[in-house]
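Below, each structure is written out as structure tokens.
Below, chain A partners chain B and then partners chain C, in two separate complexes.
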Partner chain A sequence: MRPLTEEETSTLFQKLSKYIGENIQLLVDRPDGTYCFRLHKDRVYYVSEKILKLAVNISRENLVSLGTCFGKFTKTQKFRLHITALDYLAPYAKHKVWVKPGAEQSFLYGNHVLKSGLGRITENTNQYQGLVVYSMADVPLGFGVAAKSTQDCRKVDPMAIVVFHQGDIGEYVRHEDTLI
Partner chain B sequence: MGRKLDPTKKERRGPGRKARKQKGAETELAKFLPPVDDESGKRLSSRARKRAAKRRSESAGAPETKKLSPSPKPLTKDAVQPSGKKGLKASGLKTGSQALFVPAKGKKRPAPPHSDEEEDSEDSDSGNEGGSWPSMDSEDDDMVDDYGVASEEESDEDDELLPIEKAAQKQRAQEAETLSQWSSEDTDEEEEEVEHSPQPKFKNDDEENEDLQINLDKDEKFVLPSGKEIEEESAQAPDLQSVHQRIQDIVGVLRDFGAQREEGRSRTEYLSRLRKDLATYYSYGDFLIGKIMDIFPLSELVEFLEANEVPRPITLRTNTLKTRRRDLAQALINRGVNLDPLGKWSKTGLVVYDSSVPIGATPEYLAGHYILQGASSMLPVIALAPQEHERILDMCCAPGGKTSYIAQLMKNTGVILANDANADRLKSVVGNLHRLGVTNTIISHDDGRHFPKVVGGFDRVLLDAPCSGTGIISKDPSVKTNKDDKDIKRCAHIQKELLLSAIDSVNAASKTGGYIVYCTCSITVEENECVVEYALKKRNVRLVPTGLDFGQEGFTHFRERRFHPTLRSTRRFYPHTHNMDGFFIAKFKKFSNAIPQSKTSDAVANPTDSTDSRLTNGLSATKAQGVPQPKVSPKLHKTKKVGKAKVQQLGAAGIKAQQQPTKKKTLFQNGKSVHKGPRTPTARTPSSSHRPPRKKQKAQS
Partner chain C sequence: MLPPDGRVPGRRCPELPLCHRKDNFLASGRAYAGLHVVPSAACAGGCLSCGSLRVAMGVRSAEELLAQAEQAEAEKLRLITVHKDLELEFDLGNLLATDRNPPTGLRQRSGPELEAQLQGLARDNVQLLINQLWRLPTERVEEAVVAKLPEPSLRLPREKPLPKPRPLTRWQQFAQLKGIRPRKKTSLVWDEASKQWRRRWGYQRARDDTKEWLIEVPGGADPDEDQFAKRQRAKKERVAKNELNRLRNIARAHKVQLPSQGGMHPTGYQSRAELGKAMQVAKVSTASVGRFQERLPKEKPPRGPGRKRRFQPNVGDFAAEKQSQLELIRVMNSKKPRMDVTRATNKQMREEDREEAAKRKTARGGNRKGHGGKRKGRPPGLGGKGKGGPPGPGNKRKGGPPGVGGKKGQRPGGKRRK
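What follows is the complex of A and B.
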């Protein structure tokens, strides 16, 4: 387990800012203590420092996970965000999408969101903006990327994709083995 | 005017429809209620009452001689019903013996055999009958009705039987007689002797009309099958019905052994027969059924086995980090799930009766609002009672239900170290903890026995030890057959080691903690009370109340073993009493971080006095040194190493000593508290680490 290098940190923050903008600061400086990111076996973990102190005692091959896993770095040093980070993205999300109950199940199976399933979308969302997807009951379902800007969404036909699926909570059941 | 017609007293006459209308309550009831002057103080059946009423009304009016014509009709009706409304008259044989049809006596049918016996039985059995047809009897003594009952044969009693009733009695008597005839021809299999004892008169109609087979056994004694029968049975495929019946019979006999036993058969024979039958019927291996029979009294035994055939209800626990139970229940009900709160002992549990959607895949589940968890798995965490900002160790955490419960009770503060030895099951821990939004946990993959060397000083430790699984047979029926003695012993051994490690990982000086909760999903005494007793002897811990106000207390004695009286504060849960998986929970409080040295514990049990004195000298010297002991990780092989060291020192005596440990080890694992003599040395591995310092001292002394 080691702290992130500069490039890794910048890659990570770039990715995160796509979804939560400048609220990253809130992730690091929290009222209940300082939190930090650590890298362990190519995965990025978000832990508070108190936990970190205990975790350093565990040897590298025995440590499986600590705090919350945000995602992992691929072999080519790109950062891939995991659904396990949703709890931290959702409260700080800048742009949100609400999905109708009928399309909820389809999104949870890994499909993209069509115009017919779109309930609400925050104003002035640009194209390819990172989004957090909610159900109509304000339960975060996952995140994605806007396929169309908000204005375009109004104009487009019902079968067109409006949100590209990137992660959803159904993966807890579908991809249980690869979460680790 | 002059007419006497009173419209209120209009008498209806004639065969018309309206002629049969009811006359009013008083007149109707007079038919059924017995008049005061009726001589019979005994209960009458409804037909008897009707007859009595009619008799009274007939005798009040003109006696008619037309009774013969209507009589066949009620008679035929009576014939259809067996013992029916005669209750009191039932012969000593119950109506169970209907297997055979024996023709009734009479001129129209061939005379049945044993007619004498019937008459005797009939005479003895004819009780008081509520009604008869006195006019008929008085008229024609030689008349025989359709059922061949000559009226001469009526009894001397006051009330007489209807001919059909007499015929029915005779028929029953004949049937019973023939049955007993046949049964004496048969082999001894499942013999029920037919007894002609008169039935107590207070049997009521309901019992007569019940399933005819059941009551047959009450009078007849159950007889164990003979050797020949057992061989025959083992040759064929087991007939589960008869095995089940035999199980019930034997349980009945054993319940009232003095009265119901068969002469010459001992209690052990009944018990061994029961054991084999239970094993056959419920598909258990012989070892496990024996263990279960040791633990449960007869009254609970079959209930426990039956409960293991049925799955426990699905329960789930609300994740209070993300939602409230009320809101979750509402959301699930809207999805079509039928649920209820779990019980007043749980503020977060819900029990699911049925569901139209898969309960493990709802959006609420995926959002981490709840986790499917057995009710008994919630109990150890309630017993542990973790406080906020504490350091908790969960030694065997997979699949993470208890860990997440601890985290939610601590509200994501403090630190939890969740450890498991199985890497595959750890994936589910990671998944569950992330899904439920637990952020204060470190997940590690290590053997639990390596703690506290890895890291120690925890406030509380939860040890849900790997066990034989005899409490969750309903979830995994393969446990019935694949567990045997060495599995239990192996489990017990690992559990003892883990528990000692868990105790050593706790900081007794913790301000808010110092507690260890040990739990298993097993019901055997070797894995539960024995392990707890071992820990009490080896470490400075004591048992404290778990905080669970329901559940059965743990055993303080079991067969030949005796346990510490504080074991009453441990709790046992069973599927048949609590409707949750079999479970055992014990809560320890550590009151000192020191690891106690028992006097002869390190000593190889050595006959020579000199070595003993040397050892005790050595021991006292180490004690004088000061107590904080090095962290110990009990490993069994250490004894062998030390044994060799002893050989070097002690020569011949050491050899003897080395041989003794292995023998004593097995004895130790079998039953601890029997040996009050020299303490067995071998399994006390933790203190073996003290031998090296003592060696030096012996050199000095």
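What follows is the complex of A and C.
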């Protein structure tokens, strides 16, 4: 377990800012406690200082996970965001997408969101902007990347993909062994 | 009834002063078997109490006593005298007694009797040795009487093998080659400063470098350099060099392979790693320590020694970490362009479309007056961004007006449109 280096921190923050913009500072600088990012076996964990001090006493091979896993660094040092970060992305998300009830199931199985399943979308969404996907009842379902900007969404045909799937809460069941 | 030993408890013999034994009755009344010897003839018959008793026991005469004493002496002597056909040879320096008598006394070849016979033999020989030891001159050392042993006469063989001759050190080889003989130096040197004879090196030596309070800066040296520190460093280097040479000599003596030359001698059968190491060392073994060495086109620069990566401590200063992260975020945000060029161009294009649509409308409106508001082409509802209105004259610029530009300006309040 170690803190992130400068490059790793910047990679992580760039990825997160795609989804939550400048609200990252609310993650870094919290009023209710000191939280920090730690790297353990290539995974980034967001953990409070109290838990960290306890986890320091566990040896490397015995420590499985601590705090919340935000994602992992791949072998080529790219950061891949996991669904376990959704709890922290959803409240601070800049751009959101609401999905119709019919298409919810499809999204939760790992498919992309088509125009026909699109309920609402935040105004001024660029293309390839990071999005958080909600159901119509405002339950966060996962996150994705906008395939089209908001304007273009209006113009495309119903079978076109509007949101690329990146992570959904169905992964808790599908990928439970790789997820922590 | 008389007690069997003939003594009457509580009654003393009236011949007491003439009796040999003073303590002639025991308080416990134990049998005092026959040792109440009565030497005096006067007592022999005259004592009423003991006389009568003695008669009952039997008279012990003086002769018998003497004989007994003599017997005891002989006994003691017998114990310490041992008769041997051939005298033993003694090497008292080694506490050694050599018995050359043939062992005819040993009857048995094996068994418990042999054990007893051997023990008797050993006892005798040891007795003779001790007798000899008692004859040595003694001295007294701290309440103990100690005998002074003479020099040992028997030469014992070597315990360990002879030491091998050591290989000569480098200096010794050189000196042998050149014929340099060691010059004897005087142990004391005249010290001018203190006007006395001082030793050549060591405590309070004659010319002590370290005690100088003033060192002149030599002509070509940097004036800001610390000469004292320079002297200290030079000394350290000399000491280190000496130590290195000493260890090298030892290694050569023990034929241990010196670590610096491990793998550098080309054998023709070196592994890839060894060759790589040899190449690295060869690169650095230049006058510029490898700085101007050329590399092959795709060869990577060599990794220097030392730690490769260093991380911050795990449970370090949280506040500092937070600060650095916030700084990183700030820099990241500042690097993003405040105005998104694509959005600005899109907006610009939309405005232009709207203008054209408005122009067409007025043109068409002029042609067909009765026609309703239905338009072909792009309806204004889709294009509108909420600002509406005809654009001002300054809007034709490519970048768009600065007041309108920027993400924040274009989001009037989170209005969502389908």
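FYI, the second predicted complex is superposed on the first by the 180 of 180 C-alpha atoms of A that agree within 3 Å, B and C clash if a C-alpha of one lies under 4 Å from a C-alpha of the other, contacts with A are read in each partner's own complex, and residues count from 1 in each chain.
Quick note on the criterion: contacts are C-beta pairs under 8 Å (C-beta built on N, C-alpha and C of every residue); 3 or more make two chains touch, one makes a residue touch a chain.
Source: prediction; values computed, not measured.
Visitor: Identify whether chain B and chain C fit side by side or clash on chain A in the overlaid structures.
Guide: Result for chain B and chain C: fit.
Visitor: Quick check for you: in the superposed arrangement, does A:22 touch first (chain B), second (chain C), both or neither?
Guide: second
Visitor: Taking the superposition as given, does A:176 touch the first partner, chain B, the second, chain C, both, or neither?
Guide: first
Visitor: Give one of first, second, both or neither to describe whether A:140 is in contact with chain B, with chain C, with both, or with none.
Guide: In the superposition, A:140 contacts chain B only.
Visitor: Give one of first, second, both or neither to describe whether A:14 is in contact with chain B, with chain C, with both, or with none.
Guide: second
Visitor: Please state, to the nearest 10 degrees, the angle that the Cα centres of chain B and chain C subtend at the Cα centre of chain A after superposition.
Guide: 80
Visitor: Could you say whether A:154 touches chain B, chain C, both of them, or neither, answering first, second, both or neither?
Guide: The answer is second: A:154 touches chain C but not chain B.
Visitor: Give one of first, second, both or neither to describe whether A:41 is in contact with chain B, with chain C, with both, or with none.
Guide: A:41 sits against neither chain B nor chain C.
Visitor: With the two structures placed on a shared chain A, what shortest C-alpha distance in Å links chain B and chain C?
Guide: Once the two complexes are overlaid, chain B and chain C approach no closer than 15 Å between C-alpha atoms.
Visitor: Chain A touches which residues of chain B in the complex?
Guide: 331, 360-361, 363-364, 366-368, 391, 415, 417, 426-431, 433-435, 437, 439-446, 454-455
Visitor: Which stretch or stretches of chain A touch chain C in the complex?
Guide: Against chain C, the touching part of chain A is residues 1-3, 5-6, 9-10, 13-14, 17, 22, 24-25, 28-29, 34, 36, 38, 49, 52-53, 56, 120-124, 126, 150-151, 154.
Visitor: Would you tell me which residues of chain C are touching chain A in their complex?
Guide: My answer: residues 311-316, 318, 321-322, 325-326, 328-329, 332-333, 340, 342-343, 346, 382, 407, 410-411, 414-418.
Visitor: How about chain A: which of its residues touch chain B in the complex?
Guide: Checking each residue of chain A against chain B gives 47-48, 50-51, 54-55, 57-59, 61-69, 84, 87, 104, 108, 135, 137, 139-141, 169-170, 172-173, 176-177, 179-180.
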